[in-house]
Every structure is written in C-alpha cells, then in structure tokens.
Amino acid sequence: MNILLILPIIIPFITGIILILAWNNRPFQRAFSVVGAAALLIAGLALLRDVWQNGIQVAQMGGWPAPFGITLVADLLSCIMVILGGIMVLSIGIYSLMDVDKGRESFGYYPLLHILMMGISGSFLTGDLFNLYVWFEVMLMSSFVLLVLGGERNQLEGGIKYVTLNLLSSAIFLAAVGAMYGLVGTVNMADLAVMVQRGEQAGIIQTLATMFLIAFGIKAAIFPLFFWLPSSYHTPPAGVSAIFAGLLTKVGVYTLIRVFTLIFILDVGYTHTIILVLAGFTMVSGVLGAATQNEMRRILSFHIISQIGYMIMGLGLYTPLALAGSVFYIMHHIIVKANLFLVSGVVNRLRGTYQLKKLGGLYRVYPMLGVLFLIPAFSLAGVPPLSGFWAKFALIRAALEIDSYLIVAAALVVSLLTLFSMTKIWGEVFWKADPAEHPETEENPPLSQLAYLIIPIAGLALITVSIGLFSEPFFALAIDAAKQLLNPAEYIQAVNPVVGGSL
Amino acid sequence: MEVLLAVVVGILYAAGFYMIMRRSIVKLILGLGLLGHASNMFIFTIGRVMRGNPPVMPHGHDVLTQPYADPLPQAFILTAIVIGFGVQAFATVLVKRAYQTVGTDDFDQMISTDQP
Amino acid sequence: MTSVILSTATRYMLPLLLLFSVFLLLRGHSEPGGGFVGGLVAAASFAFYAFAYNVKQARRALRINPRVFIGVGLLIAVSSATYSLFLGKSFMTGIWTETEFPVFGAIGTPFIFDVGVYLVVLGVILTIVFSLAEGEQ
Amino acid sequence: MVLEAVLSGFVLALFAPWIYKVGRGAAGWILALLPIGIFIYFATFVPPVAEGETFVFAQTWVPSIDISLSFNVDGLSLLFAMIISGVGALVIIYAGGYLAHDRDINRFYVYILMFMASMLGVVLSDNVITIFIFWELTSITSFMLIGYYHEKPESRTAALQALLVTGAGGLALMAGLVMMALVGGSWEISELLNRGDVITGSSLYVPILILVLAGAFTKSAQFPFHFWLPNAMAAPTPVSTYLHSATMVKAGIYLMARFSPALGGTQTWTVVVTSFGAVTMLLAAHMAWQKKDLKQILAYSTVSALGILTMLLGVGTHAALEAALVFLVVHSMYKGGLFMVAGAVDHEAGTRDIALLSGLRKAMPITGAAAVLAGLSMSGIPPFFGFVGKELIYESTTEFDMSAILLTVFAFLTNGLTITAALLVAHKPFFGSKLSAPKHPHEAPLTMWLGPVTLGTLGLLFGLLAGWVGEFLIAPAVSAVQHHQTEVHLALWHGFSMILLLSLVTIAFGVLVYWKHEVLGRWFAPSNVISKWGPEQWYFWSLDGMLGFGRWQTRLLQSGYLRNYLLIIIFSTVGLGLYTLSKYNVFSQNTIFRPIDVTSYEFMFMALIVASAFVVTQVRSRLAAVAALGVVGYGVAIIFVLDGAPDLAMTQFSIETLSVILLVLVLYRLPRFIQFSRSRPKKITEITAALAGGGFMALLVLLVTALPAQSRLAPYFAENSYKLAHGHNVVNVILVDFRGFDTMGEITVLGIAAVGVFGLLKLRLDKTRQTDTPPDVLTTQHQSADVFPVMEREQS
C-alpha cells in the first residue's frame, strides 16, 4: 500500500473536518487552512517524485483486489494535476485571508475550500468510474456552496444555472456509468479498458462514449455546453472565482483525457475527430464571447472556455506531442488563469468595480500591479517566452505534423484574439486615465498593505515565468505523461485487475 | 418487465427534462427530483432486474447462493440516492433564497448575470 | 404547531425511536438497515420533537449543535478508515476483533465507519431541518 | 558569449529604473554604455567574418521539442547587430535629452533596452523558434513603446493596431516556420538554408512562402499592411527613430534576406516579393511628400524605403542584393538621423508642421547641419553613401529579367519623390529667410544633436570609403544572403553611364516636385485619401466585423435563459448518441423488443409512477405537485421492494418522506404556479426535447438489457461478503467495506450540503440595491403582491 496515494485525499478531508469542528474559531481556521493547503502541495510533490521514479502507483482501497474494490491510481498526469491543485489551494488559501469577508469565514468558507480540494484530488486519483462520480459530487457540492455563499443576488441567479447544468451533467454521467456496468459488468477503469478493447458491442460502447463526452464536456465547458460558466464565474468573491477558474473545468478536461486515452480508444478516427472539431468551436466561440465583454471577470471567464479548446485539441489530435501539449497547456493554464482572476480581485479591491469603463489609471499608480497583470495576460495570449507560448507551440507543431491545418488556423486566430482582449483589459484598466480622478495619496494604499493578496499573485507569476524560461523539465514531464497516456497497457498492468488481467 | 421499466424510465426522464425547462424555478426543483428518480430507475433496470431474492444471506450461510439480485447496482443507487438528497435539499433552499431575493419565481427575470 | 397529544407522544417516542435507530445501525451488516437508515430514524425522532415543541427545545434536548455531529461523524469515519494505515495495510482495510460478540458478531472498523455514517446523517438532517424550521418560526 | 550579449539588454532593463533613480539626467549616458559595448564586441567579428568565417554559438534550451538557444554570426546578422547596437546607443543618449522631463522616462528605458535585446535576438538566432520568440518580443516591446503616452487614446489605438497587425503576421510566420522546419527536417536555420531545394520542391512550398511573407510584410509595413507604421508615430520620437525606421521594421527585411536561400530563387518568390515591394515603395513615396507633419513624411518615406528593400530582395540578383544591403545601411543612417532632427525641432520649436516652420538654421545651426547631411544622403547626392545606394538600385532594376522598364520607372518615381521628401524635411524647416516657429527655438542639447550629427557624418564617410565598406560590411552580408562566398566592389564613381544620367534626371524630378509641392499636393489630394484609408479601413472593418459576429453568437448561445441551455445540451446528447448508434449499425445488429412479462401488481405500480409523473408536470398547485412527486418516489421504492432491493426501498422510503417534508417546509406557503405565457412553438420544442431525451434513455435501457448480464463483480461479492468482510447483507458490506470509499465521499457530500443550507439560510450579504447590476429589466407584471406574498422579508 502506497500511503502517498491516499494523502492528497485525506489531507484536505481531515483539514476540512478539523475546520468544521473549529467552526467558531476564525483565527485558527485561517491559519490551519494555510497549513493544510501547504501539506497538500507537499504530498503532491512527494507523490510525483515517487511516480517519476517508480512508475504508475496503485492503491487498493480496503485491500480488495481490483476490480472488486476501489482502486486509486497515480500516473504522471494525476500527479501533475494534484500538484497544481496544491498550488491553487495554497495560493487561494493565502489570498482568502484578506479577500474573504468575516461573514463567509464564519459560515464555513475554509472547510468548504478544503473539501472542494478533496473532491478534486479524488477525481484525479481514482481509477474507478463510479468513485469518480462520487468525487465529482463532493467537488460540485462544495463548489455550489462556495459559489452562492453570501447569498447576493448575482450569486443566486448564477448559482441556479450553475447547479442545474452541473446536475444535468452528473445525471448523464451517472446514467452512462450505470449503462457501462450493465453492459460490461465492471466500473474499474483499467478493467473497463480491457473489456472495451475486446470490441464487443462497439456501437453501444461508442454511444456511451459520447455520453461521457457530453457529461465531461459540460464540466470542462466545451462548445456547445459551456453556458453555466459565463453565467456564474463572475459572481462569487475573487478567490473563489480564481480557484474555480483554475481547477474545476480542468477536472473535466482531465477526465476527458483519462477516459478517451484509456477506455474509449476503439475508433479514434470517430470519437477523437469529434473532440477535435469541438475543440475548434470551443476556442473560437469562447474568444468571441470574451471579445464582446466589458467586465474584467466576464472577459476572463469566456477565455477559460476558449483555452479549454486548446487543451481538448491535444486530445483530439491524439499524438504524443499533442497530448504532451495538452498536459503542458493544463499546467500553464491553471496557474495563469487563476492568477488573472486574483489580479482582477485586487483591481476590484482598489477601485471597487470590475467594469472596464469605470476603471483606469492603475499603471500610473501601481506599475508593479501592471507587471503582475501583464505576465499572466501575455502568457495566456501565448506571447513568448512565457508559459503559454510553449503550450501553444507544442499543439500547433503537433497539428502541423499530422497536417491538421484547419485547427491550426483556428488556434492561431484565437491566439490573436486572446491577445486582443488581454490588451483591451490592459488599455482600459491600466493605461487609460482614471475616469474617477482618485486623489493620488489617500485612496491609493501601497500594495504592501495588500500583502496577502499580492504574495500569491507574485508567486504564481514567478511560476509562469519559470515555466517559460526553463520549460525543459516541464516538457520532459509532459511528454512522459503523454507517453503513459498513449500506452494504456502500462496503466492496466499497474492496476492488474484480477478478472480482466487474466484474459 | 425490463421493456416496461424502460418505458417508465423514459417517461420519468422526459417529465424531468420537461420540468427543468419551465419558466418557474420551483418547477425546476420538482424536475430535478424527477430526474433523480429517473436516474435511479435507469441504473436499477439497466443493471438487470431480478424479482425477489435480495442479496442478503440467510443466517448460517457464509456465501450468497444463486439466484440473487446483483448487489452492486443497488449500492450505486443507494449512494446516488443519498447524494441526490443532499443536492436536492441544497437546491431547494437555493431556489427559495433566489425567490426571496429576486422577488419572483420567473426564470426570465434571472438573466442579469448573462448580460454583457 | 403544539398539540398536547403530539408533544406527549413525542416525548415517549424519542427514546424509542433512538433505540430503534441504533438497532438498525447494529443489524445493518447482516440484515437490511445500516448507518444511513439508522441516522435517518434518529434524525426523524428529533425532527418530530422540533415540530411538537419547537426548534429551541429540540436543540436543548439534543444538547449538542448538530453541526458537531457532522464533524465528529466524518472524523470517526475517516479515523476508522485510517486505522489500517498504521498497521501497514491498505487505507480502509477492515480490521476485525478476534472474539465474536453475542449480538452482532465480530466488531470491525467497517462497523465503526457505519457509526460515523450514522452520526453524519443525523447531523446533516438536523442541521437542515432546524435551520429551515427556524426560518419558519 | 553572443547569448550573454543578447540577454544583457534584458538584465539591464530590469535594473534601468534603479539606474535612473541614481543617475537621473546621466542615466541615458550610463545605459548607453551597454549598446556601445555590444557594438564594440560585434565590431571585433568584422575582420574574421569578412574573411568568410561564421560563428555558431549553441546552447541547449528545450531539447524535448528541438529548441535551442543557438546564435549565428555571419555577415548579415553582424551587419544588423551593429546597426542595432550602434543606433541603439545613440537613441538611448538622445532619449535622455528628449524625455528628460518626462515622468515615465524610467519605464521608457526598460522597454527600449528590452527591445534592443529582442531585436539582437531576432537577427542573431539560428533556431526557427528562437527567432520567432525574439520576433514576438519586438512586437510586444513595440506595443509598450508606441503606447508610451498611454493616457492619449490615439496612442493606445496605434499601439493596439501595430500589435494586432504585426501579431497576426507573427502568428502566420510561426506556422510557416514550423512547416518549413518540418519539411526541411531541421529546426536550425543554418541547416534549413542548405535544404532550399527540399523546401522549394515540397508541395507545401507555396503555403510556407505565403505564411513567412505574411510575417515579413506585416512587420516591414508592406502594402496593404503598411498603415500601422505611420500611426505608430504616436510614439515618442526616439521610438520612431529606433523601432520604426532603423531596426524593427527591418526585421521583415532581415527575415526575407535570411531565408532567401531556403525560400527564394523561384518564380513565385520573385513575382510576389518584387511586386509587393514595388507597389509599396511607389505608393508610400507618393504619400510621403503630401504630408505636412515631419514625422508623417518620414514615416511614409520609411515605408517607401522598406518597399525598395523588399523589391530588391525579390529581384534577388547579385546586384540587387548588393543594392539592398547598401541601401539598408544608408537608410538606417539618414532616416535615423532625420527622425532625431524632427524630434529636436519638435522639442525646441514646438511643432512638427512644416508649414509653420522655416529658417530654423539660424537658431539651431548644429541640428540644421545634421539635417542637411542626412538629407543629402537621402537624396543620393555624391559623395554621400546614399548616392552609392541609388546607383545600385538602378543597376539592379535595369537588369531585372521580367520587366526591367516597368520596375525602373517605379524606382525612378520613388527615388524622385524620396528626394522631394528629403527636401521637405531637411530644407523646408531650416532654410528660408524668415525664422518662424510657434515657440522661440533654441539649439538642441548635446544629447539630442549627437545622434544626427554622428549618423549624418557617417553617411558622408561611408560614401568616401565606399570600397572599404563594401569589402568589410556589404560583401559578407551579400555572401550570407546568397549563401555562398561572393565579392562586392563599391565605388562612388562608375564613370558616365545611363544610370548616372538617370540619377541626374531623378534629382531634377525630385527638386521640381518639391518646388511645386503645394500646387501638386492639391492636385493629388484625392489619391492620397484612397490609399491611406483603404487598408486601414479594412482593418477596422474586420475588427468591427469580428466584434459584431462575437456579439451575435454570444447573444445566441449565452442568452441567459436556462431552458435554452438545457435544450442545446439535451439535443446535443441525443443527436450525438443516435448518430453514433446508427453509424455503428446498432439498430440492425441488436434487438430492442422482446416479450413483455409483467405481473399485474407490477404493472399497477408502474402505471402509478407514470401517472404521478404526469400529474407533477401538469398540476397547478405546488403542494399537489410535491405530493405527486412523493408518490413517484414511493412507487419507485415499491419497485425496489418487489425486485430484491430491500435496502434500497428502505432508504428510498425514508429519503422520499424527508424530501417531501423539506419541500413542503420550503414551499408550502407558496400559491399555485403562475402560468407564464409561452409561445406555442417554444413549448413544442421543449416537449420534443424532453421526449427525445426520455426516449433516448429508454432506448439505451432496451439495448443493454437485451444482452445477457455479465456482472464480473457480483460473484466475488456473493462469495466473500461473509468470509472476508463479516457481513450477511451484501449491499451493506459493499457500502461500508468493498466500496466504503464511495460512502466516505457520499457522507462528505451530505455534510457539505448541510453546511450549504445553513449558510444559505443564515448568511445574507446581499447588497442588490447597491451593486451595479440593473434592477429587473423585464416585465414585472407577475409580481403583484396578492399573487406572491413576500416571504420572510423581515429576516436579516
């Protein structure tokens, strides 16, 4: 039993429980939440080290052999995702110390944050479809509560759409899992992979694959299923937006990559072509939506969608480099996207609004904040040599290698439009003269007074720059992760399902 | 039996889908409830139905002897029911709060977060 | 919503229902039942109490904030699951006593886990019912 | 070492604000030490490179995807590197004076140093991706520099325009470079240049060429992408001097020159490149002399010069390449100098409008002298280096084997109008008897005349030392472009020839136009409007078009109406599912129908479920609907009882009861449902979607249940539940042991749900009335108090 596999799930769980029990002790909650977050990150790093050295790691819950119990599996992709989750929760944990109001703190904000992480880590590590459903629900339920906690009108309106559409996604997912069990009699992913590869009832299996595509597609916010995201992401406090923006859709992307590299690879020409086409539409419609928005967080929300398109693109292309590109893209995107939301939160705190029209002049007063915005913003747009460039480059190269010119054209145009809307924010919020004429001293507190907000932003910006300038280790990791993904046998062998493995 | 149950499942889903597309947010809650039942019945039916014979061993036996209903879909449904209850409770209260805050249960008046 | 019959009945039913809920919890491993249904029944007993009297009195009868049940329940569940780790076994591996007890046979960590479930369900239902009912009263 | 030379600019940029803080007015001089050092460093390469040596410096960077930090010093990159560092030093010194009293000067230093480093990277890189990275960095730093006066809207617009136009080209370039690397089988430029025949012979040659040229043309402001450059004059003059005349705009020229061994030599190349260049040079020259603003004249004449360079690279003969490289050097010197002069005039005399300026030589003698030196070189008067350049241009156009006469006529007109522009800039403001300017002019400080004087003098020196320049600077560069060793013999005096005659006629033509420029300007005014606004309008149209389309699709998709979202999702699911089923011929291979075997009481309960579900959808009382939903739940529980699932039934009964109680608690005070008016077609669509969704799920059940059950797990549970897990109730054993992990998640969900309900009910931070969301925009007709009693408003 490798204890490292369970740690990313029980660390946030126990942290959450302790925070629930310490309900009324706010100072303790604030401190302990950061400790728990740091512990999660460390556990993730330890897990990666183990997997990197010893290959795919497996833990059978309850000691029952696969496929009878629940299996946790950590391959490189899972480890990367867990670490990213750790980075996120640590950043948001620190940011929240200053961003979250007393009201939310007294009503379980911190426990919810950690239980959310529990669900997310669980989703990354589980090797069992039904268990994935459970982790999805843990994640969703905490995200529901985090989203609407505070009960402001916008939150409630956005929350209802978020809840309904995500529940629909869960319903489709649950049905697909049930049908999968009814058809092949197992829910262990490795076992399913073995069974599906036999090719019996391929038609029904492919149909169920499309249901998984839709269910995970809703979570990942791909075209045309993304509606819940722009409806709701701009309503909660900035820190919550940031962790949602960073992680939640990526769980959908992760699961798409997982099932469409491990289980549903019967007819790649069909399923993955659909994915590629959806990727193109996702990129384009997301970026067009962003170009028309005039509120910082709404612009950023639509950009999540368009960026998801790139991540899915790698899956659709289905070559080692393309998948490596997707993995790299996820690493880059989570950091950058969350950071942009965090910066928007600082802007809102300084000026009291997210509306571009009412903002301006921040570059004059806060040049460092400008730099901290530009790093993730340009990275998002793929400006070299920041992290986003490498991600896009890998995908574009991968697409050109197999002559997929249309998707390259889409990717490039979207990249330009992303640059357009990032410079729009830059021009309106930072460059433009401040329409409100703030007197230079009183209402402009120095950034050092916002240390808890700035530290995570600066940290994430540093990661972005590091991934950009020293991308080799990250690429090496992404490429190895992609190799694992494209070699399901390794995964299956590691899980070694008793019945399936003997066939 | 399965054929008829399939029809029931289909009707439950259809009714659920219909209800969540209404303009009233209260109907949304009822629709989600129907969808929950539909999902449970779906898993139950598609995991094959076996009349009688619950997967419980009589005392004194140490193995479950044929025929018995497949216990796994039942465990799935149990989990799904419980999770569904939690979600349903939360959604109900959410709708109540939205109703109080917005002042109507008309969905057409809850589109402000989507206006650019 | 106070009627003499209801409140009197509830006062006597509370311990009975609680006892029944524990019975359901205990027999869950061999007969239909278990922590979940047990917790529901226990919660129902206090919920009836709240309807018969009011939430304040129900809270007093319960003595502890229902939220604490959630936390403690989860803690018991996760502890029972973590116990096996310290014995070098897989997470959640069932650890059973050697001796068989008269009523429910061997005791193992899965049973403790079920107790956690029972407490969580009790806490959850009561939290929801109490906070809703407080809104109404 | 080259790597350090390139990166040093970035490092210094980081410290520039601090250096400014310490050095203040002297900061420009201090910072200029770096480019001077770099210039000297590269100067040491001149002798060996003239001998035919090239230097490669390679450093691994991202080996996983074949990207290395490799640099190549050959004649071409060396020439560019020296221009970049040399002009860079002068510009930084100049900026120290020009922006001396500007509060953002520290930021300026940061960007200009970063730009210089990026530009050095472009011309020195030997890896196709590294070159692209630096290429994009020049666009970004240019964006920051054009937007220097960022509080002015026109600066922001110009910055964005430049970024989008060059950025679009840059992305095309990236695709082109990657394709070229894939076709050529290497990511190192020096390797690719050896495989020109593979690339030009490939079926992807034309797309690659178009993509690479798109990058070069946008960067080097070729028609129809030229418009961003005149607009970029919104930048401070040092920026215009450096980026928009001497260096960045020549990146496109560099790129074409660099890749001409790999991509050039074909008829496509010659036709496309030559014609774009020819059209650009003439159109821009024609626009330049009609402008009144010094910087605008210089900007258009720069576009024209870039056109000449492009045209020459298109022609591609030895003479043409020689002409191109000579002209490149000439242009960098005189145009850089003239921009600095224009800045000095603007700074000291208060305007750049030539109509308002005259006789400045009296007040600004040194600046005036620098202007004259540069102007003479620009006009191609012997013995200036510009003369050498012009002679070579004519030599190559007259030798052009496709259409020598047409090209020479184009060149003649362009050169003539260039002289007009030179006179407008160097003669008009400084000469004339009367001193005229909006403010009392002074001579510019040393910082501001050092640059133009140096560059002007160099123009003269290079002319006098033409043979030496040809041997040490031009020949190695031409060799690099031609990709084999070659010799260049430059001379001022070629003897009497047709070309000399042509030069003389050109001067006469240019002077004539200058003499009559006001009259002619009125005649040609209409053509000016068309050529300026044409492509720029296209840019704005495409931007507006994109935004309009974006708004339309966003309104359509992100309408705000949940039911539309649900409709799309349901139809997508069903549509994709059915398509897949039919694609794999499932309907013909699998059975769906089979005999119905059902007992009467089973049938009764199923009917009860169906009927109650129907009631839920139709009934108008909320309580009745809740009750009916409860009946559905109980019905389902009974089905569970009948079919061997007592645990399920028990849970379902209790949960259902609880749900009903909750729903009643929450909803019981509410009255009947309001019948919201819905249009018939919409309702029909929704019913169709609902039925389609339900039908699809039923179909799945039928398809799967027709197949034999093959649970792989149940036998194991049946066998081991008691033996290994000590439980008789298999379902419970699964829940707490085999799959206890699921249950752990499940109770967590429950716990969180309770926390959520608690928070929702008790925590209210609503500030609806204060936030900037508009109040209900739509009808409020349903909101009368008697229909909807306001619930619990008194709660806080």
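Letters A, B, C and D name the chains as they come in the text, with residue numbers starting at 1 for each one.
In this text, a residue touches a chain if its C-beta (ideal position, glycine included) is under 8 Å from a C-beta of that chain, and two chains touch if they have at least 3 such contacts.
This structure is a prediction, so every number in the text was calculated from the model and none was measured.
Q: Please work out which of A-C and B-D is bridged by more C-beta pairs in contact, and write that pair.
A: B-D
Q: If you average the CA atoms of subunit A and of subunit C, how far apart do the two points sit, in angstrom?
A: Roughly 36 Å separates the two chain centres.
Q: How many Å are there between the centre of subunit B and the centre of subunit D, using C-alpha atoms for each centre?
A: 48
Q: So what's the Cα centroid distance for subunit A and subunit D, whole Å?
A: 25
Q: Subunit D: which residues touch two or more other chains?
A: 551, 554, 558, 560, 562, 566, 646-647, 651, 655, 658, 662, 666, 697, 700, 704-705, 709, 711, 713-714, 717, 728-729, 731, 735, 737, 739-744, 746-758, 760-762, 766, 768, 773, 792
Q: Where in subunit B do residues touch two or more other chains at once?
A: Correct list: 20, 28, 38, 42, 46-48, 54, 56-57, 59, 72, 78-79, 82-83, 86-87, 89-90, 93-95, 97, 101-102, 110-114, 116.
Q: Could you say which residues in subunit C touch two or more other chains, in rising order?
A: Subunit C, residues with two or more chain partners: 30-32, 36, 67, 70-71, 74, 78, 91-92, 94, 124, 128, 132.
Q: Looking at which chains touch which, would you call it a line, ring, star, complete or other?
A: complete
Q: Using the touch definition from the top, list the residues of subunit D that touch subunit C in their complex.
A: Residues 646-647, 650-651, 654-655, 658, 661-662, 665-666, 725-729, 731-733, 735-737, 740-741, 743-744, 747-748, 750-751, 753-755, 757-758, 761-762, 792, 795.
Q: Inside the complex, what are the residues of subunit D that reach subunit B?
A: Residues 551, 554, 558-563, 566-567, 570, 593-594, 596-598, 602-603, 606, 609-610, 613-614, 616-617, 622, 625-626, 629, 632-633, 636, 639-640, 642-648, 651-652, 655, 658-659, 662-663, 666-667, 670, 673-674, 676, 678, 686-687, 689-691, 693-695, 697-702, 704-705, 709, 711, 713-714, 717-719, 721-723, 728-731, 734-735, 739, 742-743, 746-747, 749-750, 752-754, 756-757, 760-761, 766, 768, 773-774, 776-778, 780, 782-783, 788, 790-793 of subunit D touch subunit B in their complex.
Q: Sort out for me which residues of subunit C touch subunit A in the complex.
A: 67-68, 70-72, 74-75, 78, 82, 84-85, 88-94
Q: State the interface residues of subunit A toward subunit D in the complex, per the touch definition above.
A: The touching residues are 13, 20, 61-62, 64, 67-70, 101, 103-104, 106-108, 111-112, 115, 118-119, 122, 130-131, 134-135, 137-138, 141-142, 144-145, 148-154, 160-161, 164-165, 168, 172, 175, 179, 181-186, 191, 195, 201-204, 206-207, 209-211, 213-214, 218, 224-225, 227-228, 230-231, 270, 274, 285, 288-289, 291-292, 321, 353, 355, 361, 363-364, 367, 378, 383-385, 389-390, 393-394, 396-397, 400-401, 408, 412-413, 415-417, 419-420, 423, 427, 430-433, 471-472, 475-476, 479, 499-500.
Q: Please name which positions on subunit C make contact with subunit D in the complex.
A: For subunit C paired with subunit D, touching residues are 28-37, 40-41, 44, 47, 66-67, 70-71, 73-74, 77-78, 81, 91-92, 94, 96, 105-106, 108, 110-111, 113-114, 116-117, 120-121, 123-125, 127-129, 131-136.
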